[in-house]
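Dropping the structures in below, format is structure tokens.
The two complexes that follow have chain A in common; it is paired with chain B in the first and with chain C in the second.
After this line comes the complex of A and B, so read on.
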């Protein structure tokens, strides 16, 4: 077939790492700095948790760091009913699941097609065309998007998920392309010798090999779609189909603050992100350096 | 040779596919949400957070009381986006301001003049909507609740120090001086939040001295020629009130520049200061702390004549029905329901608003009751800061004045912004 070899050379051999003597000794200054940095995460988290269990009166007494007394679960109940939590949560999950799977599959397919046809002008240009989209943030095209989705009947959670996939396509394709270049073409050729078609090669060989990068893309896709406020708030027209972050905006306005209810609600909305992170953190760590070196 | 044909082909089919998928999902979702309901859904947009449970309850009651319409309470839809999409809410119940007036000005809101309820609204209250740009020949907006704002003061601190409510500027300064020498913070400032400066210090000082409506009418007439030599301008007409505003910042808490609105409410709840330049919406927040307080309100005196006293008002909630709504009949039915005296009056009593109909009962809450006479007599103005388009960061300019910038040159900058905007329009 015409799948010409990639013009990009294989990954250069890793440089021999310099081994420092005494590496087993604890680096106290760095540890101290890191400890201080962890406070940046832990302190807000502590305030969030303790606020969520406070009564309204205690929440506004000006002592954010005080422990809740009496302990109350009222805020959770209030947040639950005010945002109609189960429905909002389900919609958010729906959007995130489609966005995550869609972003992984579509971008991987695009990256594979582009890279294996790199010698053809149309594919090369389409790659640059996709990359150009990275310079167009959503807010810039928000108005036409609202009109467009309204016209084609996509002013609903599915439309939001589709837009997430499309807007992330540029960056994800770039990540996948960079990673694909490190997969030797010989693997693919041997499979083709055995009679596999392009489709089989992709699903049985390439896609599994792309695993680490898929995890990276998936994690970013989840965080972006789960926490997104602007796109669902603008695109979804039916208030009963709104996602959790948008429903939560009623807790904080210019004129009023309900810290305890707001934080209870945020805590409930944060839970899935934290759970996902706990289970996927080793991939997150790996993912951060994935594609960093071509 | 392949690309043009295939790309066009796939694009078309993809679009139809997505449209089909999208609409089928929407249909499935709607069907799931309202099982076996044939009656049309009226989308009721209301997003004042503290009133959400109240209105949600009303919507449910109305839905239950008749079998023609189902009212869906909406607090999440982005308003501008819904108008862009030509699927605006059927009935809006929102704060009426310059942003909202844009929709009115362009004729996006339908005429409600034929409703009998429109005639029951007080003329001077209905006229408040005309302070903003209007659409000729239409009554597009029905005021539902008016909020009156003036200086919030702690009655106990005033009584303990033998102070009377001031009715002239000199008396007011004297009150501040006496509080200060008694070791009490006269005014609690929350200058970290720029809007609190604009709606409090700025609006009260300007509103007490300048005819706000006439001022902005002239400002619009002069337009791009606004400057140091024009008939009206920020730097000339508003200079004196702004100077007095700066004078008042001498009586605020020393840490005012790092305190926000939430801190101010907490401080007032704890009796840390005698006066607070906020509207009645702050009462709900102050109340949350659950402290025992005796608060009242009085208009900020800016002249030497007690007859000049006025309070600041705004249309906190107004009802409107968009032209593009396809549920106008149901929207009007619910509007009619909301305007019934036994629905509207309890709302205003509960959320410290003033009624908008001619025979509305007087407010009874002691915290705002002192403003009733001003409201009844029509001695009110709308906040000067409310008529400056968001494109001009007026609140931030005022914040820099309060923080020590030169008032005259900062106001001159506002003039330049105003002129530039008028030139562009």
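After this line comes the complex of A and C, so read on.
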């Protein structure tokens, strides 16, 4: 894991302290304790990988910590066909792409309109209306939602993607309004002076400037929609159209003794989000800190 | 959604009042702004407000989810309060949320303290500690389910520890601990990152001054670090509660509510509304659940205003 990109700047304020630390001694006991603590994260991941390469015969002995012997790739091939991985993958990607794009565009547009018209009641009230979403978790409205999505033909991956956009709306709009306030109005004014309309100002100036925040929102949208089980399992009515996390259930119901195949499948389900995280962790960190401080 | 952190709404309420814009001074709003606002208002109204209103109406009926129904007043609500299964789900969900919030905050704070001290491999360590946050709840729950029901009993037998010799997931008294464990495993990273952000706002000079004054590390922690990160603890508590009250994925993966109904959460009870024909009944439950969630959030926000205001 230490091979992760070493260029990640720490949370901004970390810099000064790190320079300071050059003059002082490394705290080895704490380093050692933390290294031991990483086992809490790494052991379950090791088990997943190791189990995935075992034979079915070895996997049923219950000893998760043994190394695979003999090593086999068969479980991946089986998992691939049992879950119909390519189809599940395509559906999960479809949901994630719509959720990511939708969350960024819809929230950025709303945040811009609200902030620039804050002195108008209707925009102010809209803001608080959207904010109310924070208090309405999915389980509270799930039953009528299942009914309604069924009625309008959205009991499919598209409906799930839309719901992801809706339930992240309050938080994203808040992040974008906070970020927008740091963009000086002068830029916009001079562009308008040159005759640009609201549409051009937004797409040519504001949206590009929102880039870092869009990256954060997009990554969280991806992680949330890729990993979610609750919404797709309840909303998508056709089992053939299920996303990757929901497909893993077949190893509890139908193939409950093929542990090695199950773990190969779990590994394939986890890998995309972990890979995306390792390459984008800069924005993951930035997003969480900004979210907390603002 | 659970990984996403939400700052206290409080902060946002204060946020936008930066009023005068070139448009505003001109007393006429560019209609395009309405168009910008439209998509979010439309999907929110159709996908949340409308179902919420429908559900509210249904909670006063005897609907089974389709077909005819009639209004029966508050009978569903009275029945919910007498339903031991549902009261049990509330008891479990609240107790589970409380314990998990405490565990997550304690571990996350300690890890954050460690990661902001003068250690080696800081970036690599942080990278590793954040990984659980990006793993699907149900998938990691399946992994732990195997460990708890197959590997842990083997270890328990080998070491002669009686309670561990059989699967703790099959033990009605212990299964909830497994759920707390896996939920904490997944939730600690985001809480930890928020604590790191909080700890980094403390200027190093403060620590220097306190060490010059001869404060012991414990005194520094108690009188300087704790008060300064109190606001972040509130954020983590509010966000944590919000997520844990709606817990579903990890329970499905570990116990599916069992053994019996000992680990059934409120969300799981509500979702059963389509199975047993008690649709309207579970809508009444959802209305009550909503009111309780809002009450808990408001109590916490109230508490925020009184205490540790810096971050929140």
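Quick notes on this structure:
One rule holds for everything that comes next: the second predicted complex is superposed on the first by the 256 of 294 C-alpha atoms of A that agree within 3 Å, B and C clash if a C-alpha of one lies under 4 Å from a C-alpha of the other, contacts with A are read in each partner's own complex, and residues count from 1 in each chain.
Note that in this section a residue touches a chain if its C-beta (ideal position, glycine included) is under 8 Å from a C-beta of that chain, and two chains touch if they have at least 3 such contacts.
Remember, it's a predicted structure, so these values are computed and weren't measured experimentally.
On the superposed chain A, the positions of chain B and chain C overlap enough to count as a clash. In the superposition on chain A, contact is made by A:238 with chain B only, not with chain C. When the two structures are aligned on the shared chain, A:195 is found in touch with neither chain B nor chain C. Once chain A of one complex is fitted onto chain A of the other, the partner contacts of A:86 are absent, as it touches neither chain B nor chain C. By the touch criterion defined above, A:251 lies against chain B and chain C together after alignment on the C-alpha atoms of chain A.
When the two complexes are overlaid on their common chain A, residue A:70 makes contact with neither chain B nor chain C. A count of residues in chain A touched by chain B and by chain C gives the higher number to C. By the document's definition of touching, of the two partners only chain C reaches A:277; chain B does not. Once chain A of one complex is fitted onto chain A of the other, the partner contacts of A:162 extend to both chain B and chain C. Of the two partner chains, chain C is the only one touched by A:118; chain B is not. With chain A used to align the two structures, chain C clashes with chain B at 187-195, while the other stretches in 133-141, 187-195, 205-213 or 331-339 stay clear. Residue overlap on chain A between its contacts with chain B in one complex and with chain C in the other: 62, 142-143, 146-147, 162, 234, 246, 249, 251.
Residues of chain B that touch chain A in their complex: 3, 15, 18-19, 21-23, 25-26, 29-30, 33, 43, 47, 49-50, 52-53, 72-78, 81-82, 84-87, 195, 261-263, 265-267, 269-270, 281-282, 284-285, 288-290.
By the touch criterion given at the top, residues 56-57, 59-62, 82, 122, 142-143, 146-147, 149-150, 152-159, 162, 233-242, 246-247, 249-251, 253-258 of chain A touch chain B in their complex. Of all residues in chain C, only 1-7, 9, 11-13, 15-24, 29-30, 32-34, 36-37, 39-41, 43-44, 47-48, 50-52, 54-55, 58, 65, 111, 114-140, 142-144, 146-147, 150-151, 153-154, 185, 190, 193-194, 196-198, 200-201, 204, 232, 235, 242, 245-246, 248-249, 252-253, 266-267, 270-271, 273-274, 279, 282-283, 286-287, 289-290, 293-294, 297, 311 touch chain A in the complex they form.
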